[in-house]
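Consider the two complexes below, in which chain A is the common component and chain B and chain C are the respective partners.
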Partner chain A sequence: MADKPIAHQPPRVADKRILTGVHFMNGDEAIAEGAIAAGCTFFAAYPITPQSEIAERMARRLPQVGGVFIQMEDELGAMAAVIGAAWGGVKAMTATSGPGFSLMMENIGLAIMTETPCVVVDVQRGAPSTGLPTLVGQGDMMQARWGSHGHYEIVALSPASPQEAFDLTVKAFALAERFRAPVLIMTDEVVGHMYERVEIPGEVPMAPRRKPEAPPGEFPPYQPEEDLVPPMACAGDGYRIHVTGLTHDERGYPAMDPEAHDKLVRRLCEKITRFRDEFTWWEESMTEDAEVLVVSYGISARVALGGVELARERGIKAGLFRLITIWPFPDEILRRLAERVGGIVVVEINLGQIYREVERASGGRIPMRGVFHAGGRIHTPEEVLAGIEEVLRCRS
Partner chain B sequence: MPIVKPKPKPAPEVLPGVRHPLEKYLRTERLPHIWCSGCGLGIALSSFLYALEELEIDPDSVAVVSGIGCAGRFAGYVRLDSYHTTHGRAIPFATGLKLAKPDLNVVVFSGDGDLFAIGGNHFIHAARRNVDITVLCVNNFNYGMTGGQVGPTTPIEGRTTTTPYGNFEHPFNLVYLAASAGATYVARWTTLHARRLKESIKEALQHPGFNFIEIISPCPTNFGRRNRLGDALDEMRYYAEKAMIRHGVDPAEAEVVPGKEFIVGKFLEVRKPTYYELYRRKVEELFGRDA
Partner chain C sequence: MEKSVVFAGFGGQGILLAGKVLARAGMNEGFEVTWLPSYGPEMRGGTANCTVIVADRPIGSPVVDSPDALVAMNFPSLDKFEPRVVEGGTIVVNSSLVKRKVRRSDVTAIPVPTNEIAAELGNPRVVNMVALGALVRALGIVPLEAIETAMAEELRGRSRGKLVAVNREALRRGFGEAGKYLRDR
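Coming up: the complex of A and B.
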């Protein structure tokens, strides 16, 4: 309202990009701060629980750092706007939950095909459909992997705490620029809403965009460099390039033939898989002598750790493998670990999505148990313990 | 789209040594284009390029964003920063592009189905926000690219592949829709009115705010053929006979009904603050001018 005094406006919290210091914030807020610290200046989204705290924080913070927040008419538009902004030369992010994630799938595919760096956050809730809007879920893990049509590789990271939500968001922006690809943060309602200590460092690196060195005219915009990633000429840089979601050749022009398609899709996959070691992150607890390996991620991994500790108290040698990088799946690391243990338990808030990946990676040679729940609550350590004891029983 | 893909061959030299004045704006290496002979899309494209030429706009400061469809292929032929996005999403893409790079002249060039069926929601919201972009819609009354299905502008009784017994859905009046959603420049022309269309595009490109121009165009391969409109020239004759040039008419009164006279011209040109201007104003209020 025009006649409202300016004092009615939200107070100026800070005009700093990096809020260095110790904070008490929830995972959603930490994601927003991680994004801004990493240099994000464009955020487009549509409100949805349990993501809204990210959007609200961005709406307050972005104008303070010269960025733009826009609440779009839907998630189709939010994802499209993020891609457009990235081609305008900025770092851009969107955030949503399951129902909106479904709508974003179309243009996540466009970002993959056009090699557009951006970050997409999914704060998972109970699903399918509208499901449990305010309660936790981890049922979008496979949608993250395969939700958009076609064959592709995607980077997805999963934080287990607000601190990690901050740290991984910073890393997600770096990976997006590194690979010229969308990067997903697959978090969940509990991590999103839980308040914890978050320490923001004094300096946060801003990943540079890889710009072409060749002058306009001598720059085939989709000619990859040695690491399979082409440099990116943005709008107004003077290169006047064409960008299309159609299969295209090195010039960026539509190429409607199977060979060009196979070549392009393979490169888009390989530019990520070949360098997966750069960003395959995980955390192990008590795995050195473990006979039972518990595999989990996000909030479930914290409960799983409780279960592992209960098992240890009972003299069961259990250990935890917490996935941080979910996609591409760390096959090799799990395969090696699986060779050393007698059983595997997977804990997740769905009915067995990452379970299948673990089964595949471990070759299906050892007994496995899933501690599952379809959504709405986290597990208890006792449920995890029961899973551990069960897998031990079927081994003996 | 033609069923048989034409083999690329060099464009014939009409007058030896003479270059086409628009060559610098075209990705000539991509010619011949995919559009059917007689299609109005070429006229729409050249009108736009002549507008750029006459305004002497720095080509590095213009970006074209298209959706999907025959009209969606515009982005592929212009030697500009050009983005061929997903079906219906040209406007939100353009919104992000414009807000990230406010100095850029962002033009959305797409079809009636793309902008008003699958992309309709984005259209009305970008108009409401007054995002500073120019939207050029080639209205050929059907989905050309996919083989001529019914679309949001197909007239009552129009024959399309999915209305084999005649269309019975009410169509949109695009200029009325644009004006009511908040567009600040609204015009309609046909591909017969190439010169006036060019002048209108020039006005729109210079007018801050959400600008909309409907370009009525023949699709001889699909809509024209199924509705016995004759060849493209016959359609041009039809436009010459039925299009009434009037300015400042209430867009609500400007429906396009087959067989009846219809209005072309400028319906609206008003100035109101754009999304970005309002955003800047807000930031200045809060943090001062240097923010």
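Coming up: the complex of A and C.
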């Protein structure tokens, strides 16, 4: 027969994109499923504990939805491949842990400068260096903020459970398209490796890419719309575009003058900060009457809630503020809360990264204590309670 | 209600899978569950443990200082975790490898010769399910049938469906073994 198909049968994409139902799943797998549900069809990465389960899942699942998985030679290549894929018109993601995150930093800068939508996941472990490869850490929070070069704004989200890992990954893809920028998922080994109930909904929205309406020849590829984000013409769309990490003008051509640079960098920052209310997410527990505010994020926030409950049992009015959006930091919300409380405790698995942000946001006017650990384990609720009691003592 | 179990032993004894089966069964029964592994950087061997929490309300920390039950599959695991088990808790100990008794008198000790039972069943790798069967009876929060279903689900996902029968038998043997040490169940 002459019409015997040569190519493999394309998979029935709609059947497999969203695995609707209840699953027993860890955070890594939930991130992979969140990405695929959100329409991700390209994943490039290099294996690293505790991220490998994301790569494993993507390697198995992406072919089922007509996507591509590439194990790259290293994390520099992984991030570069993700940028290329995004310019090829697809939704793309990579995932790593601290050491690989460092290697991605140069190209994250390129993604910011070229306004490339993509998602980067960091499953944090004990660091610096090889550190504690299989154990938990939260020491990359500032690397996420300032690890690349130059001045920039970045969106970073931090899930506290596998369910939230799924949900935030879906949102990360939407934000990446919304702002034409890389979006970071800053999770940790415990959320990554912990299995819990994960419910995947029947419908998951796929954020559209904003395409140019002007015909080829009349389209300046970096001319922002009212919200400061330019539409994106991708390879194959029929436009001639120049994608460069050099400072460029609206046409995309290099513009080697300080004014063009200042204008561009300010826009790249402002397109995110001006609309931060759209994606500043947090969760408060027992804060209405709180005298001590405990601030935490990721897995540490769950332990911190245990500490707050212990304090309440002892008659101490404590409350929890759980950051979900880490960057841009919710300065204003914390400043307002800080005006109502008598002390703040920050719980994190590093020696005080988000602590400094909280101190800055609260203006340093009230006593603060950090409940820190350099990595390798999560805190105990008793340690959080001790921090709460300590901050109360220095208040009185 | 919140019950926590630590499963501990050598890498390769199926510790992590045993915990996963319990947690999955708990989830299927409508409980909140967490399963958290802990292991070193070794590819094989070394020590491994996991903590399972089954609760009827949202779970905060997936790690506990004092578990309600311990499954100690080797000697170092018993040494390390025996002192941490809560008063009135349960310790299932692999008596094939651990040649000492449980020292605590305020816990229920259930010695199970898992290696011998697994050998009788013709598959030395099912030691984990023998131990899990014993634990499930002592714990009394998830029925054995739910454990068997969850075990089959876990194995199906790894295309080891043909191993379901022997693992089910292992669970039942362990469950029966625990009856020698428990009056009420």
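Of note:
Note that the second predicted complex is superposed on the first by the 381 of 396 C-alpha atoms of A that agree within 3 Å, B and C clash if a C-alpha of one lies under 4 Å from a C-alpha of the other, contacts with A are read in each partner's own complex, and residues count from 1 in each chain.
Here is the rule we use: a contact is a pair of C-beta atoms (placed from the backbone, for glycine too) under 8 Å apart; a residue touches a chain by one contact, two chains touch by 3 or more.
Bear in mind the structure is a predicted one, so any value in this text is a computation, not a measurement.
Overlay on chain A: chain B and chain C fit together in the combined arrangement.
Touch criterion not met for A:Ala386: it reaches neither chain B nor chain C.
In the superposed pair of complexes, A:His242 makes contact with chain B only, with no contact to chain C. Between chain B and chain C, the partner in contact with more residues of chain A is B. By the touch criterion defined above, A:Cys269 lies against neither chain B nor chain C after alignment on the C-alpha atoms of chain A.
By the touch criterion defined above, A:Leu305 reaches chain C but does not reach chain B.
In the superposition on chain A, A:Val82 contacts chain B only, with no contact to chain C. Annotation: superposed on chain A, chain B and chain C show a minimal Cα-Cα gap of 16 Å.
In the superposition on the C-alpha atoms of chain A, no part of chain A is touched by chain B in one complex and by chain C in the other.
Contacts from chain C toward chain A in the complex involve residues 20, 23-24, 27, 32-41, 59-63, 65, 153. Within the complex formed with chain B, the residues of chain A that make contact are 6, 9, 12, 15, 41-42, 44, 63-64, 66, 68, 70, 72-74, 76-78, 80-90, 92, 106-107, 109-110, 234-246, 253-254, 256. Touching chain C in their complex are the following residues of chain A: 22, 24, 49, 133-135, 190, 193-197, 299, 302-303, 305-306, 309, 377-378, 380-382. Considering their complex, residues 5, 27, 29-30, 59-61, 63, 65, 75-76, 79-86, 88-89, 91-101, 103-104, 121-122, 125, 279, 282-283, 285-287, 291 of chain B touch chain A.
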